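Below you will find the structure I want to go over with you.
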Amino acid sequence: MAGRSGRTISTDRKRYTKGFFSSWEFVLVILFVAINIFCKIISQNYTAANVLREMPKYLSEMFLLFPMAYILLLGDIDISVGATVCLSATVSCFASNAGFPIGAVVLIGLLTGLACGMLNGLILTVFTELPAMIVTLSTMIIYRGIAEIILGSGGSVSLNDVSGFSALAGMVGLFPYLFFLVLILGVVFTIVSAKTPFGRSLYAIGSNRSAAFYSGIKVQRVRFIVFSITGAMAGLCAVFLTSTLFGANTTTGNGFEMDAIAMAVFGGISAVGGKGRLAGGIISAFIIICLRIGLGEINMNPQVILIILGILLISAVLAPNISTKIKEKKQVLARK
Amino acid sequence: SGNAAATNASGAAESSNAATSAVAGASATGKTFAIVTKSAGNPYNEKEAEGFQQVIEQQGGTCIVKHPEAATADAQVSMIQSLISQKVDSISIAANDENALQASLQQAMKAGIKVSCFDSKTNKNSRQVFVNQAGTKEIGQALMDAVYDISGGSGDWAILSATSQATNQNAWIAAMKTVMKGSKYSKLNLVEVAYGDDEPQKSTDQTQALLSKYPNLKVLCSPTTVGISAAAKVLQDKKSKVKLTGLGLPSEMAAYIGTDADHSCPYMFLWNPVELGQLSAYTSIALVNGTLTGMTGDTFDAGNMDNSPYKVVDAADGGTEIILGAPFKFDSSNIDEWKNVY
Amino acid sequence: MNEQTPEKKKSLWNCITASREVSLLLVLIVLCALIGIRSPEFLTISNIGEILKNNAVIMIMALGMLCVLLTGGIDISITSTLAFAGMTVGMLFKYKLIQSTGLGFLIAAAIGAMCGAIIGAAIAYGGVASIIAAMGGMYIFRGLAYLVANSQWAGADALGSFTNFALSSNLGFGVINNVIVITILCYVIFFIVLKWTKFGRSIYAIGSNRTAAAISGIHVARVEFLVYVIMGLLAGFCGALSVTIYSSAQPNMVLGKEMDVIAACVIGGVSMSGGSGTVGGALLGALILSVIAKALPLVGIDAIAQNTVKGVIILAVVILNVVTKRMMDRSNLERRKL
Amino acid sequence: MTENVLELKGITKIFPGVKALDHVQFELRRGEVHALMGENGAGKSTFIKVITGVNHAEEGEMYLNGRKVNFRGPMDAQAAGIAAVYQHPTSYPDLTVTENIFMNHEIKKHGLLQWKAMNAEAQKYLDPLDADFRPTAEMGTLSVAQQQMVEIAKAISMNAKIMILDEPTAALTANESERLYRIIEKLKAEGVSIIFISHRFEDMYRIADRVTVFRDSQYIGTYQTNEISNDEMIKKMVGREIKDLFPKPETKIGGEVLRVECLSRTGYFTNVSFCVRAGEIVSFTGLVGAGRTETMEAVCGITHADSGKVLLNGRELRIKCPSDAMKAGIILLPEDRQRNGLILDWGIGHNVTLPILRKLSSRGIVDVSREREISRKYLEDVDTKAVSIFEPASSLSGGNQQKVVVAKALAQDNMKVIIMDEPTKGVDVGAKSEIYQIMGNLAGAGYAIVMISSEMPEILAMSDRIYTMCGGRVTGELNHEDATQEKILGLSMSKDGPQSDISKKEAVTGE
C-alpha cells in the first residue's frame, strides 16, 4: 500500500551504492596485485614457497586485525592487545613448562587473553564515560607489567618441550595450518559483521551510539562481548606466536596493536566508527605483509620500509579525496 | 692483567683501521654472509656491522647487513626468514632473546646455513658457535675491581642496569655478585640494582632516586651504554661526590671521563665493536669453508687480528664460544683518541 | 552549631567536586603527601625541580596535544617528530654545522612545524582521518630520524655548548632552571591564547560542533591545520629541548611516549571527542604522571613491579575522576527541588 | 514604502539526486515579518542556507538593497547584516552560553577577549527572553528549548538588518512562543526585516505580514496573511485539500494496559502515576522542562527510575534497558530524532529495520530482500517523501525524518504501548494529519498511545485524556470533554517550576 499521496519508494539499490569496481576494496585488490608484481620484479627469491614460509609471524598478527576492526567499527580502540599477547604467551609457556598437555596450554592461553579482554570490557562498560584509549593504555601497562613480573629477572621464558607447539606450526603442502585458520576466521568475522544482526549493531553503535541504544541494542553488552573476543583472539595470536618463537619475553607483541590498527584503517575501516568493511582490512593486511616480505628480501633498510608504509597509508586515503575534490571543482567550473 | 688488555686493545684499534690482508684458504669468494644486529640506529651495532662487512668484502664475499627496526626477537625472526629465502651461506646474529630464535635458526641450519652469534648469544641449540666480546667472568671481575678501586675498598654502591630482562646485563651483574663474594670485597655493600630501561628519562629518574635514597652512596656502576651516559650526566651536573663506572661508548662518554672533581666517571670499560664484527666475519667464513665446525678445541685464523689464531672453548651454557679478549679500559689518557672511533 | 556542620561539609565537598581541576589537584596533593611520608626527600625543592625538568618535554607537548584533542583529533606522530627534529639538531652540532643554541632550537622548531604542517594539511585540507595521518607521520618521521642519524648518536661531547642550556638558569634570573622557565612560559602563553583569544576559542568551537563553527564563519580547515602545525612546532622544539636535557640525541628518543602525552591530557579531563579541556587540566594530568614516574623508584617498589603499579595508579586516577564526577552530579540533582 | 531589502530570483539548488529548489523567487521588505511555509522537504531550509551562503545555488541571483550580491560563505552574509537561526541547532554544547552567543563576533580589546563584558552583554540579550539560566551555563546542560532561546539571543546580538528564523518555535510551548513573538514585534518596530519559517499556522497568523509558499521545490506564491484563509493556505502548501486536520476516529476504549505508580527519579520527577487503556490516546503536556521526556524515558528503560512501579496488563515489569521495554511491548519515539531516533549516515531502510533485525533473520543471517520489503512498506505507510530506501536519513527534511522514526516504531508490530515524544515537532500540516491518522488507526487497533505534546490544538483535538505536568510532578488530569486551553495552561503552571540553573548533562548514551 502506497501512502496517501501515492508516492512509492524504490528498493533498487543501484543509484545509492557504488559497485565493486568503484569501491575501496577494488583499489586494494589492484594494489595487492601491483605490489606482488613489483616484489616479483625486484627479488627473484619472492616465490610462493618463500612468502608462505615467511608469513606465519605476520599471519598470527591478523588474529588481532579481525577484532580490532570490530572495535574500530564500534568507535572504540584497544591498544592493550599487544600486551595481552605478551601476557598470554608468557602464561602459556609457563603452563607448557609445568607439564600441561598442548590442548590445555592452548586453552590456558586463550583464557588468559579472554580474561584480559573481559577486564577491559568490564571497566569500559561500568565506567562508560571513560574513553577506551586511556583505559586500554593503562591496562596495556598493567598486562605487560604482570608479564614482566611472571617472567622475573630473566625477562624471558622458553619452552622445555616444543613438540606440542611445533605441531601447531605444521604445514599442509606449502601452506601452514595458520593460513587456513586465519582464512576461516576471516570469513567468519566478515560474515558476522556484514550479514548478521550483531554485525549491524556494531555499525549502529559506531555511527550513533545513542540512537542504537534507543533502538533496543544492548550497547554495553555488545561492547563487552567485542572487547572480550578481542582478548581471546589476542590469546590465539599468542599461542601461534609461541609456536614460532618457542618462548616468550617482555617484548613479545610489541607494537602489534599499531600494526592491527594500521591494517584496519588502510583497509578503509574508519577509526571513528561505523564505516568500512572487514574484507578491505584483510586485503590491506596482505598488501602490507607482501610488501614487508618483498622489501625485506632485497634487504631494504627497515626504516625505509616504515617510511614507505607511512606514505602509502596517508596517500591511500589522500589520493581519492583529492581526485574527488578536483572532480567537484571541474564540475563547478563547467557549470559556470 | 688490566695492562695486558690495554696493549691488546690499542693494538687492535690500529688493526681495525688498517686493511686486513687476505688469508690463504679463508677466501669467501662467491659466498653470501649475513649479519643481523640487535637493532637499528645504535652506533655500537653499526660498528659491529662495519667490522663484519669490512672483512667479508676484503675476502671477496657478499655481505648483507640487517638491522631490525626494533630490538625485539620477532623482528629478528622475520629477518632470519627473509635470509633463508635469499639462501645466504651464513648468518651471524646478536640475539635479542636467547631462546626465541631457536625455531628459525634451526630452520636456517637445516637449510645448510651456518649460524653463529656474537655480542649476545642464543641458546646452545640454535648456534654453532658464539663470538663472545669478553668473557662474562672477566667483565664481572673488571667492573668489580673498578668499583673497589674507585670507592677505596669500602662503602655503599649501586648498579643501574638496562631492563630487568636484558640478558647480557644480567649475566654481568651475576658475575659481579659472584666476584663480590671474595673477602677482598667484604666491605663493599651493594644497596640496589635499579633499572633505567635504556631510556634516558627513566635512567635519569632512577639515578636521581638512588642519590636521594642512599646519601652514603660512593659508586654507581652501569653496565649499559644509555644508562651510563644518563647517570654520568646527572652526577656531573649535580657535581655529586658519587663516582661512576661501567660499560659505555667512548663517543657518548667522552665529556664525563676524567679523574678530577668536574668529571663523574674516572674510567670505564668496553671492547672494540669493530673487532667483534671482524672476528664474527672470520668465524663465519671459517664455518662456511668448513675449517671450523664449532667444536671445542677447533682453531682458526682471523687474518692479522691480534689474538689470531683463535680457539673455540666451552661456554658456560654447554655450547661453545670464541672469546675476543679482555675488556678495554677507557680513561682520561686515551678517551680523546677513541671518542671519534665509536 | 550541630545543624551547620553538615551544611558546611557539604559545601566543601561541593567545592571539591565542582570542578575537575580542583579534584585533580586534590589527587595530586594526596599523592605527593603519601610519597612524602614514605620518602621525605621527595618534597625538597631540588627534587621538585628535577621532576619538572625531567618531564618538561611531556608537559610541553601536552599543551599541543590539548589543542589537537580539543579539535577532536589525535596526533600520535609527535614523538617521531621530536626524534626527527632532535636528531637533526644533534647531528648539526656533531658536525659543527651550527654552534648557536638559539639556532638549534629554531631549526628544531622549524622542522617540527614542517612535520606538523604535512600532517595538518593531510587532515585539514585532504580529509584524511587524524589517526591515519598521524600514524603515517609516526612511521615517516621516525624513519627519517633514523636516516638522519645514520646509525650514530650525538653525545655530550659532540653537542658541546648546546648542553649548557639545560644546566643554566639565565632565563630564570639565576634562580629557576631554563627548562622550567620555558615550560612555565609555554603554559602561560597557552593559557592566555586558549582562554582570551579568538583563535583559542575557535579551537574549542571546532571540537564542539564542526558544522556550527563553519557556519559561524570560522575557517575550520585553517584553524585545524594551524593546530597541527603548533603541535609539530612544540614537538620539534621539545626535540631540541630533550637533546639538551639529556645531552644525547638518539633516533629512538622517547619512543612510545606519545601515549604518556595523551594520557596526561585525558587524566587532566580533556575530552577525546573534542571541545572540552583546559590548560590547567593538562598541567595537572602531566604533573600526576611525572610524580608517579619520579616516585616509583623512590618509595622502594620492586623494580620489576613498577610498571604494573604505574598502570594501576593511572587507571585508579581516571576511575576516581569518573566516580567523583558522578557523585557531584548526584548531589546536584538532589539539591534540585521538585 | 515598499522597498525590497532582499530579493532573490530564479534560485535553483541541486543536491546529488534531488532538486531542492527549482527557480524559486522571494522578496523581503523593510520592517516586515515574512513567513515562509511549505511541506516538509519543500526546500525552505535549503533556501535559507542559500541566502546565508552556507549552500551555493547553481542558478539564480540575489539582490541586497538593490545591489547584486554573491556570498561566498556565511561570514559574508553576517557582514552584510543577515543573521540566521538554523533549523537544526548550530550550538556548541561544550561552551558557555556567552560564547555561543558571541562566537565569531566577540568583544575584544588589544586582541584579548573581554569575558566580563560579554557575559554582561549576553545577559542583556537573554533577559527579554525570560531565560532562566545564567550566561555562564554550559550549553550542553540546557534543554532543547533553552538552547533554542540562546540561538535566538545569538541572532539578536548580531544587530542584523535581516533576521532569519528557521522553525524557532518547534521546541517551544505556547508561553515561550508568545515571548518570542513580542521580541519579533520589537525588532520589527526597529526596522529589522524577518524571515520566519514555521509549520504552525498560529505563528503565521499571529506575527507574519506576508507569507510565501513553496511546494515540491517550487515557488507557489506570496500572499498577505490577512487575505488568505487557513484552508486555502493548506491547499497551496499541500496541493490538495485536507478535510479533516485532526482525523480522530471513535475508538472503543478497553481495559487498562499500562499503569505507572509513584515513579520517581531524583532531580527529574517525583511520584508520577498514570495509566493508559487500550485504544486510548493520552497526552502529556506542560511547560518546557516539566519532566515529561524524563518520565517516559524512565518508563522505557532509557534511564532508571529510583523508585516506583511500571505495570503492563497488571503485571509488574522489570525494565533495565530499552530492549526489555520493547520485548514487553512498550516503545518510545524519541523527541530528539537526529540524536536518538536516527542513524543519519544510514539509508532510511536500515534505520527502520534496526530494532527488528533478529526477527528478519533466518539462521542468524539477515534476510536482505525481506528487510527491504518491510522497510519499504512501512516507509510508504507513513508517506515518507523519499526516492529510495537507500537514501541516507541525513538528506531528508526534518518532517520526513520524523516519519522515518514513526515507520521504525510501526515496524515493530507486536507493540502494546506506543509513547510518542513530540511526534509532530517540525512536521508539516499534511504529514501531521497523516501522523494523527496513524495514531488514530493504532488506537483503533487497540494500542495504548501516550503522546507528549506542547501544541495546544493537537492536544485538545487528539487526546482522550490529558495529564499536565509541572516541575516534575503530575499536576492534573482532564478528560477530553472537560479540557480547555485555559484549564490546561492553569494546571501546567499550578506550581512554580523548579527550573534551577544547575541542570545537568545526562549521559544517556551507553545507559
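Structural remarks
The chains carry the letters A, B, C and D, assigned in the order they are written, with residues numbered from 1 in each.
What we mean here is this: contacts are C-beta pairs under 8 Å (C-beta built on N, C-alpha and C of every residue); 3 or more make two chains touch, one makes a residue touch a chain.
Not measured: the values here are computed from a predicted model.
Comparing the chain pairs B-C and A-C, the larger number of C-beta pairs in contact belongs to A-C. With centres computed as the average of Cα coordinates, no chain lies farther from chain A than D.
Chain B and chain C have centres, each the mean of its CA atoms, that are 37 Å apart. Between the Cα centres of chain A and chain C there is a gap of 30 Å. Centroids built from CA atoms put chain B at 38 Å from chain A. Centroid to centroid, with C-alpha atoms defining each point, chain C and chain D lie 43 Å apart.
Contacts with at least two other chains are made by residues 40-41, 67, 164 of chain B. Each of residues 146, 271, 304 in chain C touches at least two other chains. Across the complex, chain C meets chain A through its residues 122, 126-129, 131-133, 135-140, 142-144, 146-147, 259, 262-263, 266-267, 271-273, 304-312, 314-315, 318-319, 322, 325. Of all the residues in chain B, the ones that touch chain C in their complex are 39-43, 45-46, 67, 164, 193-195, 199-202, 204-206, 208-210, 212-213, 226, 229-230, 232-233, 237, 249, 251-256, 339. Of all the residues in chain D, the ones that touch chain C in their complex are 52, 54, 73-75, 78, 86, 90-95, 99, 103-104, 106, 108, 111-113, 115, 266-270, 291, 471-473, 498, 500, 502, 504.
Contact residues of chain A toward chain D in the complex are 1-5, 7-13, 15-17, 125, 128-129, 191, 195-197, 200-201, 203-204, 207-220, 274-275, 335.
Against chain B, the residues of chain C that register as touching in their complex are 39, 41-42, 44, 47, 50, 54-55, 57, 145-146, 149, 151-153, 155-158, 163, 167, 242, 246-248, 250-254, 293-294, 297-298, 300, 303-304.
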